[in-house]
Amino acid sequence: MSAQSLLPARWPVPGVFVALVLTVAIGGLVVAVDGGQLFHQATVVSLLHVAAGLGLVAVGQTLVIVGGSLDLSVAYLISLSTLVAAETMNGSDGAVLPAVGLALTVSAGVGLLNGLLVTRFRINAFIATLGVGLLLKGYLDNGYDGPAGVTAPTLVRTLGYQRIGPVPLSFLLLVAVTAAAWFTLARTRFGHHLVAVGGDPEVARLSGVRNDRVLVTAHVLCSLCAGLAGIYLASRLGAGAPRVGTEGLYDLESIAAVVLGGTALAGGRGGVAGTVGGVLLLASIDAIFNQLEVDAFFKQVIRGAVIIAAVAVYARRALRRGRS
Amino acid sequence: MMTVQSRPLPMRPRVRPGGLLPILAILGVLLVLVAVRQPDFFAPPSLMSFLGRSAPIILLAAGQYFVIVSGEFDLSIGSLVTAQAVIAARLIDGEPARTWPVVLLLLGCGALVGLVNGLITTRLRVPSFITTLGMFLILVGAVYYWSDGAPKGALSEEFRRFGRRAVEDVPLLGRIPYALLVLLALGALAVLVARSDFGRTLVAVGDNPRTAELSGVRVWRHRTIAFVLSGVAAAVAAILLGGYSGVSFQAGAGLEFAAITAVVLGGVALGGGRGSVAGAMLGALTLELLLALMNFYGVSGALRSTVQGAIILLAVALSASRSPSR
Amino acid sequence: MADPRPRPLLALRGIGKSFLGVRVLADVDLDLGPGEVHAVVGENGAGKSTLMKIVSGGYPPDEGSVVFNNERRAFRGPRDAQRAGIGIIHQEFNLLPERTVAENVYLGHEPLRRGLVDRREMLDRTSQLLASVGAAALPADARVGRLGVAQQQIVEIAKALALDARLLIMDEPTAALADHEVALLYGLVRRLQQRGIGLLYVSHRLTEVFDLADRITVLKDGRRVTTVPTADTTPDELVRHMVGRELSSYYPDRAAPDDLGPVRLTVRDGGNRKLHGVRLELRAGEVLGVGGLQGSGRSALARALFGVAPFSTGHVTLDGRPVRLRSPRAALRAGIAYVTEDRKGEGIVARQSVLDNALLASRSMGRAWSRRAARSVRIRNLLAAVDVRAAGYDQEIRFLSGGNQQKVVLARWLALNPRIVLFDEPTRGIDVGAKSAIHALVRRLARAGAAVLMISSDLPELLGMSDRILVMREGRIAGELPAGATEEDVVALAVGTARETVA
Amino acid sequence: MAALAAVTLLSLAACATDEPAASPSGSPTASAAGTGEQSKFFVRADYEAELALLDAAPTGPADKPWEQALNPTMVETAKFKRRGPHKLCFSNAALNNPWRQVGFKTMQAEVEAQRSRIREFVHVDAEGKDQKQIADINDLLGKGCDALVVSPNTTATLTPAVEAACKAGLPVVVFDRGVNTSCPVTFINPIGGYGFGHVGAEFVSQRMKRGGKLLALRILPGVDVLETRWSAAKVAFDKANVDVVGVEFTDGDPAKTKKIVNDYLQRYGTIDGVWMDAGAVAVAAVEAFQDAGRPVPPINGEDQLDFLRIWKQAGLTAIAPTYPTYQWRTPIIAALRILDGQPVANPWKLPQPTITQENLDRYLDPDLPPLHYAMCGCTDLPGYPRRWK
């Protein structure tokens, strides 16, 4: 697993990769017995596409969660970003750059708003981002009857559908974003400060970290990731879609992926590599159940149980480590 | 606040963080706005029916209060309400005789889900956000799975009475919805529980679990009980809501966020340790009044979430800015 | 007052500060030269911490000026002050348990190379720093959460040193240190002095102040009472300045032989992960002191007796009957109360009222529908009896001074009529005036027939208060000393240079 | 302070809407009746075509509306001819509402009825996610399906995926919602949203008190099927000069519906007509009038049994346009015909019957659950009625 080499050497391999390998192995076996094929190219491509969308959001979500915050507005922001991008492009290849720029700018603006509400106005992140989500929802509901805009054909062809072997371009984008986020956390002052703010805001503040600025930046980065996910979805769908974020449950699923990846919900511990593992795990479960034609509702039950169980395992580990 | 008043304070009157003043002020303004637009809202029959229909969310907020003040979250209540309504319809299937057994069963189910949430959170040390998020997925998935994606059966008229009917011909007030009676009884009970030793120590648990543990509080037990209370509140809300509007998969959708928002509006601190159950219930009432107000003022359906979001952010920001820095 | 040094490193003039209309500092002047150790002493609530926060950029002053390095400064935050060369070591650990030593030491000013954090450089420099404070064995890439308390303190000091500070503020730096570590700190302070670093030293321990400081400033009620060269004053005089009256006797009388009751608690062969073969007897009416170095098992003993980290082996009897103390609740039921060392983390419930804090144990241990009115009256009487000073009993406890918080905690336990009370550093971080009040309360408790076990790092307190002293070392009871023992006796047992006197 | 801000916000928001009651009806624009701006989804040509289809006579067996077609144009399918039994694959947008559940069960029953000809039936549920459905279709292409049936989650966004499927060479049948491409062999759906919205709106506006107040209850904004229904209704209301006092979204939540109706009753004193874009909360709306002790005004619902029952029981003045669930049978039939090389209609427009006072009794099936859709055309299928219970 390439993500593994990204881990700082002193941390153990997050359990999520073990779980991922086991899931894929057992799932592949069961699917094979069932007469199917999990590692069929089409299946793998589909899996990686699903992972790319959720992954981009979840990597951003990791940054705010590591910083001790949370973003529940991402689902609406993703929809908004698809619309901004697709409407600006309106089918013209020439408008790709301005469209991407505008979508990311709008996203950064929403992130800034989230960040300021959390830091300057001292609103709990849960409520603040929920409120911002409602603001965006109102805007989307009021302004859009349905899909709008047309994504530039080049973007659809490349980011939306291009792949190298079984690996879609979008997944490579996710890998690149993940690597950048990992690098940011491990090798920049901002990253060190973010982990510190999440670990103990008071300690960070007294050590001279500008907590507010760090958290606002994290929120902006998270929103940028959501915006990027929106641009990807716009390329995938060929248009802007006002409900794609909420239908995809990107808010809760991204948080689930983050905690599956071993990041502490309270902040201060974790990383993006684990998150990608979490995303792949969720996508694999999806793919396996798809192959077995398991009822979608039953799948949801399993998913809920897996999330709880995984975090329980992490909690046990943390407890043991705390005792040692 | 519910602390027993000690000797009068020599200092200027303080707006205590977590006190009822801010939420009362907001509620007051909304009432004035209603009065300006729709004076007959305050006529007894319409006021009674408004209070009756607000009962479920107020009770959910009361249940959520106990969980939040102890430092946890319950994101599963919305799905629990849906699940309960669907289960009730399928089990009763129009048979009046099954009403009471099913009501008892629902209360039991609510308590059981709360117990599971509580035990996973306290004993397995899974953050409650995750526990109840997982429970949310499990409940929604399970109830859809069990009912093949569409609710089946029907609620009996006896069952629906609690949420839909009223005591008629009451002097002065006209009619009092059963839901309002349930609300008054359980609301009073919630205040009593919050003021009891359990309720007071629960706040201490939310504030500082270590100290509470070392003072002989069984922290895990308190928190688990809080989840059970929330589960039972969800069961009652499901009975009232199912009665009010019949069975549907939408019965509980989004109620967890509504309840948490209401609790926060009511001055309860997320993360625990501060706030009152009365505030939480008033917060829910405010939220319901806001929705009615938007109906009265004809705020466009699509814009409502924006108005709601902005008002919540403003209210919370202003009350947060008043509390002293740590 | 004439300034003895031509160019002070720090000059405070007319500093004033108010919170919510309450004046906490007024017209405070202070000078500090390079290489000088300037101690700031005063009761809790005298304004020391606020003054230190103003110097280190935690708060802006309402009035007055801060001149640092001949430049008038208005710091916008701790970071600003750090950049200017002012470092601060806090009383409580300011470390991230999930991060490495190096990451903690360089938090906020990580060394960069081409804009990125230079991990190697960070580790190297951290190792050098640790070596320079005599802790070369501490690995720079260890996770801080795995370190012991004393090691964490060293990281804390290294963290302040890493700032290249020209002025270092130490707020009760020895509070968590064992005695041999205190000696290490003394050496460090001297070394810093030689480098020309100015030190502001806040401490309640007058011994340290007299050992280290060149000058001493006394604060009282937010005002400066006096600034004197150390050589020109005595501890008694300082205390007089601090409290405004002379304390004739620091400690109440010890128990007379007939005050002692029957044996209340015995432990035989008590052991767990941190304790080995503990054997002790505790009598009604006595104050049993427990001394020893940090980490010698003193707190572990209290925690075992209170069921927080119970004994896994051995036998405990209470009034002759065997008991199993598996949880705090079980201990409380058996009549044991525990005043913890970490008041903020384990003693109080910060955002609840004084009354709620005092009622906490009664509520958790009481029956569901006990008579609340009577209980409330009783608690009020207790709070009055221990002389809690608050704007009202519904005031949030976090706004009270440390001493008053401790009294509320005491009232909480007194309400349960405990038969055994365990005190763990009962007067840490508490001002002199409140200290003697607590001492008096401890003795009163023993007189009333309770058995008291008191852990203290403050040797005069330990010697002054105890009827007997147990000294612990490496999880075992190293020996027992009678009343009237000397500091040397305790230290000798604690570090293992003396033979055990009593089995 | 917060309150002040709340006042400002509310008044601002109120201004942003087209203040319905206050504006005089003399204005020539369409929004005069309080119906707001016309939806982006409104395409006049389609609207007129659908309205014309409402009166068209279908071809095909009279007792099997799911095999009938309106004004069919046949396409050749000889190149898809294959020997059976076949493997059919179905990419489903979602199963998250009773309409889709009833429809899917009907489809499964149809598959069972044709068991001799279908070797395998693969069903993948996209759970309402565009992104997942695109992946699902892509995934199905690798599975050796003989034909692919798609019920798209969203028209515009699923187009590229469906195009990719066409390119893979297998016959594609799209139903319910369409896609913006002509590459599928056929697109099956009933007349559509304009027809639905128009029938309901015309009935209500004719039966309600002249000059009375009408409340429009919609489920969600931004769902294409629902948008077309509303836009046709809007045209009808504007033409009849109906005073539409409110257009509200219910989220399909009966509790919210009752609250809205209640508040509107209070605000306007009476509501003389109710139009709904879907039947999900029709019963809740009726109950709101009953609970307030008011007569239930002319109203439209859908063919869900709970509405039909309350209609019968309370003697409502009502109508139920349908979006028949029997259309779920047709794609299987079409796919098999295509694999036989028989020509099929494209587009395959199915008739869209309306339940009225006259034929109401025919659809009141006492055995089936309240949320069952009566227009399922499933009585002759294997497993009836147990399968739908």
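Which chain is which? They are A, B, C and D, in the order written, and residues in each are numbered from 1.
The criterion applied here is as follows: a residue touches a chain if its C-beta (ideal position, glycine included) is under 8 Å from a C-beta of that chain, and two chains touch if they have at least 3 such contacts.
Since the structure is predicted, the reported quantities are computational estimates derived from the model, not experimental observations.
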item: Neighbouring chains common to chain A and chain C, by label; value: B
item: Reference chain D; chain at largest CA-centroid distance; value: C
item: Interface with more contacting C-beta pairs, comparing B-D to A-D; value: B-D
item: Between chain D and chain B, distance of the C-alpha-averaged centres to the nearest whole Å; value: 35
item: Averaged-CA centre spacing for the pair chain B and chain A, given as whole angstrom; value: 31
item: Centroid spacing, where centroids are CA-atom means, of chain B and chain C in whole angstrom; value: 44
item: Contacts with 2+ other chains: residues of chain B; value: 144, 149, 300-304, 306-307, 310
item: For chain A, residues contacting two or more additional chains; value: 141-142, 295
item: Multi-partner residues of chain D (at least 2 other chains); value: 95, 221, 249
item: Interchain contacts (touch definition) - all pairs; value: A-B, A-C, A-D, B-C, B-D
item: Contact set on chain D toward chain B in their complex; value: 1-7, 9-11, 13-14, 16-17, 19-21, 36, 95-98, 100-102, 105, 218, 221, 246-249, 251-255, 257-260, 262-264, 266-267, 280-281, 283-284, 287, 291-292, 306, 369-372, 389
item: Residues on chain D engaged by chain A in the complex (per definition of touch); value: 39-41, 95, 122-125, 127-132, 134-136, 138-143, 153-160, 164, 221-224, 227, 249
item: Complex interface listing, chain B residues touching chain A; value: 120, 124-127, 129-131, 133-138, 140-142, 144-145, 149, 257, 260-261, 264, 269-271, 300-310, 312-313, 316-317, 320-321
item: List of chain B residues in touch with chain C within their complex; value: 1, 3-11, 196-198, 200-201, 203-204, 207-208, 210-218, 273-274, 324
item: Residues of chain A that touch chain C when the two form their complex; value: 10, 186-189, 191-193, 195-196, 199-200, 202-210, 268-269, 321-322, 324
